[in-house]
């Protein structure tokens, strides 16, 4: 309508302004894309270069003769402190910690969310608020007591070991970290599921009650099968958070062969014996980053939703 | 002994009393409609019958047996929900059979029951679909199927038609009525739609603020409302409730209405209720339904007490089957229901016939019917 | 009548006799609470109990090991004294001034950049599906990885400076990561790099949630694009600003890993944040009471921000 009525020259100058406008917008967007991609790009190309090329070449140039040697060394030989066995052991440490911690905290979060929305009792808001606040505390404020408790449990584990020949996982740092991550992840998982189940029709629960389903039958047959989106969100969120954690890992499994990936990577990078092999460091960093990056690439949409669920009203 | 008896039922949430002593009973095969505005407690009452909410005081009995401490699944009831509450992760067949599965009914028997219900409701072709693949009407049928398959003592319906569009609602209403007629089950039905209440019920309980205002057959509720609230709530268009005074000349009483800026109208009452003489020269609320206020030619011929008065017609609403004329009496808009072809013009003064045999009077102080 | 019925029922078990049913149904009634109890108990003990424990420790003179004799607020007195010890700066002074600089710049730049990128991306951009994940992926990385990557990128001898020298800009000088006065700004850069894409995503979701008819109405009212954003859109995004602020503020106060990985604490601890201060004093310098006191102060700061927010959020929800 307006295009028809406005005179031709004006229309073309408007079109030119619009074109310039678009170029500026796309230019800015591209510039920022470079800003965000640059460190990853540098990390990636460096991990495929030889030390020679790194010292004499340009940080941004592609490797002349790409080599997997740094990756292989990072995986199986690189030194963390004085032990030179590569990242692979620490990688598995992280996996052994992440998988149970994610599964347990997600399941508990789902049950808590179910109770807090569909089986409300007096004071349910207070209970939820107290669990929610736990998401925001600086973990420094619980770091020391937890260290003390884990220490005593470890000593108790040794006693048990001597008495029964089995320590029931007490004193095992993987078990400790699983426990810590479950406890301090509960607030988040409960929040996710509570917000999701808040919008979940209560009539379905009532219908199932009339149909004779019990508390757990309703959870297993009605709630869980309809919770896939929030399960994905929670699992991704917890996986990323626990995999990336450094504070708890360094406080409770900060040395020896029990370290998770993040602590090991930090040690590798800061190991000052001999020549610093940047290509190996970068390969090690990439190995540490890959699991979460893959999750992000595969399920980025859910990842974002998970991050925002913590802040935006559900 | 009635089939369903609700006795002095009270329900409190903290200090708030949601249901303030409900007494209702229903014969076997009856159709009880709980009707009232939102927040009147009708859904809560239904939920307490279902066992989805605990009661604070009183008793609910089915066939003389108290059920108020039983788990919902032990009460031998079935319920159709407003949103239908179909389990989204199960097929239609799975939805219908879930209750039987929970009770451990063998698969073969479940299949037989599903087929039977599917036949009654004509949903055989939908059995393998998920609820998300069904239309609103189909979901409604499946929800009824899930209830039917249990063959319960008591059916509970919680506003089952309110999510359907107008036409489908009428169809499903007839369907429910037919189902009731053919199966002879006992039904408790919650709605805020008074037309549903009138058309479906054998008994109606009109509720407000956690109390039953009136309990009776649809005809009783419609013709003999016990108070202003019931009179106003039931019927569409609503009953005209006009402030008036009672005049008297010797033995006979009359009702005096004040049209805007015109001389008062006095209508002689031939068979006034006995209690009305106490209100001589006092204000009352005069209630007359639109169909009892017509053009003189359209007035009911064998009514014993018809009075005619000139009224100023403000608005005409032709509705196809009828024509509604709006006039003003006692400061309130009053609707008269005329024949579709009535010759009437807005802005004119036209005689209207008041069928006073159908008129009711209320005490403005207590809002109760004057009998 | 009803008593007769009841007696009958009591005798027939398949009718779910009342006494038995009430025990079982009471168990059913309690079940939800039983299920929730372990999580709630864990929260009470391991969050609130431990916080109290930490507060207790901050009033003792614990050094390497916890000691449980209350010795008063000496740890707080020391922190208070260090708060004003700026020349030479005490590590606490450095930590809290760094917190101020880092917190302010990190939050302000993330909000501004996030909003800016979200508005750009909202201009019906072709390739939005490609750009969005590029802006956002850093959030998936560990702070340690981010730190390692930026440490390399900002290293004067290897990274950006060296590259620009090779390209001929030999006068370019950028050694903030080795400079004790500027090292905290490199933490800001890496922090912004990591979180701004996420803030962008929040704003983008907010922008997409704005009713299109409001925008149309404003355009018909003759608002220019700039006015449209300044007068209509940005005020409507207020709740997103609040949410993003809360997320960023608590990330900022919790930041610990990034400082460690990027700067190893900086020259002479010049990049420390209170979280690093706490960790170092507790586990390395054997000043447990001081470490605990600093943790308590961090907690108080976050509480002051979070509690009003949670209170208003939950009150709104319960309504």
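We call the chains A, B and C, going by the order they appear; numbering starts again at 1 in every chain.
What we mean here is this: a contact is a pair of C-beta atoms (placed from the backbone, for glycine too) under 8 Å apart; a residue touches a chain by one contact, two chains touch by 3 or more.
Computed from a predicted model, the values in this text were never measured in an experiment.
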| item | value |
| --- | --- |
| Top-ranked pair of chains - ranking by C-beta pairs in contact | A-C |
| Most remote chain, CA-based centroid, reference being chain A | B |
| Whole-Å gap separating chain A and chain C, where each centre is the average of the chain's CA atoms | 14 |
| Whole-Å separation of chain centres (CA-atom averages), chain A against chain B | 57 |
| Overlap residues in chain B, where contacts from two or more other chains coincide | 71, 74 |
| For chain C, residues contacting two or more additional chains | 28 |
| Touching residues (chain side chain A, partner chain B) in the complex | 201, 203-204, 206-213, 217, 221-222, 225-226 |
| Contacting residues of chain B [partner chain A, same complex] | 47, 50-52, 71-74, 77-79, 81-83, 85, 87-89, 98-99, 102-103, 146 |
| Residue ranges of chain C in contact with chain A within the complex | 28, 31-33, 35-36, 38-40, 42-44, 46-51, 53-54, 57, 66, 117, 120-121, 123, 125, 131, 133-146, 148-153, 158-160, 162-163, 166-167, 193, 197-198, 201-202, 205, 239-240, 243-244, 246-247, 250, 253-254, 256-257, 260-261, 264, 275, 278-279, 282-283, 288, 291-292, 294-296, 298-299, 302, 306-307, 310-311, 313-314, 316-318 |
| Parts of chain A lying in touch with chain C, wherever the complex brings them together | 25-26, 28-29, 32-33, 35-40, 42-43, 46, 54, 58-60, 108, 111-112, 115-116, 119, 121, 125, 127-134, 136-146, 148, 183-184, 186-187, 190, 198, 214-215, 240, 243-244, 246-247, 251, 262, 265-266, 269-270, 278, 281-282, 285, 288-289, 292-293, 295-297, 300, 303-304, 307-308, 310-313 |
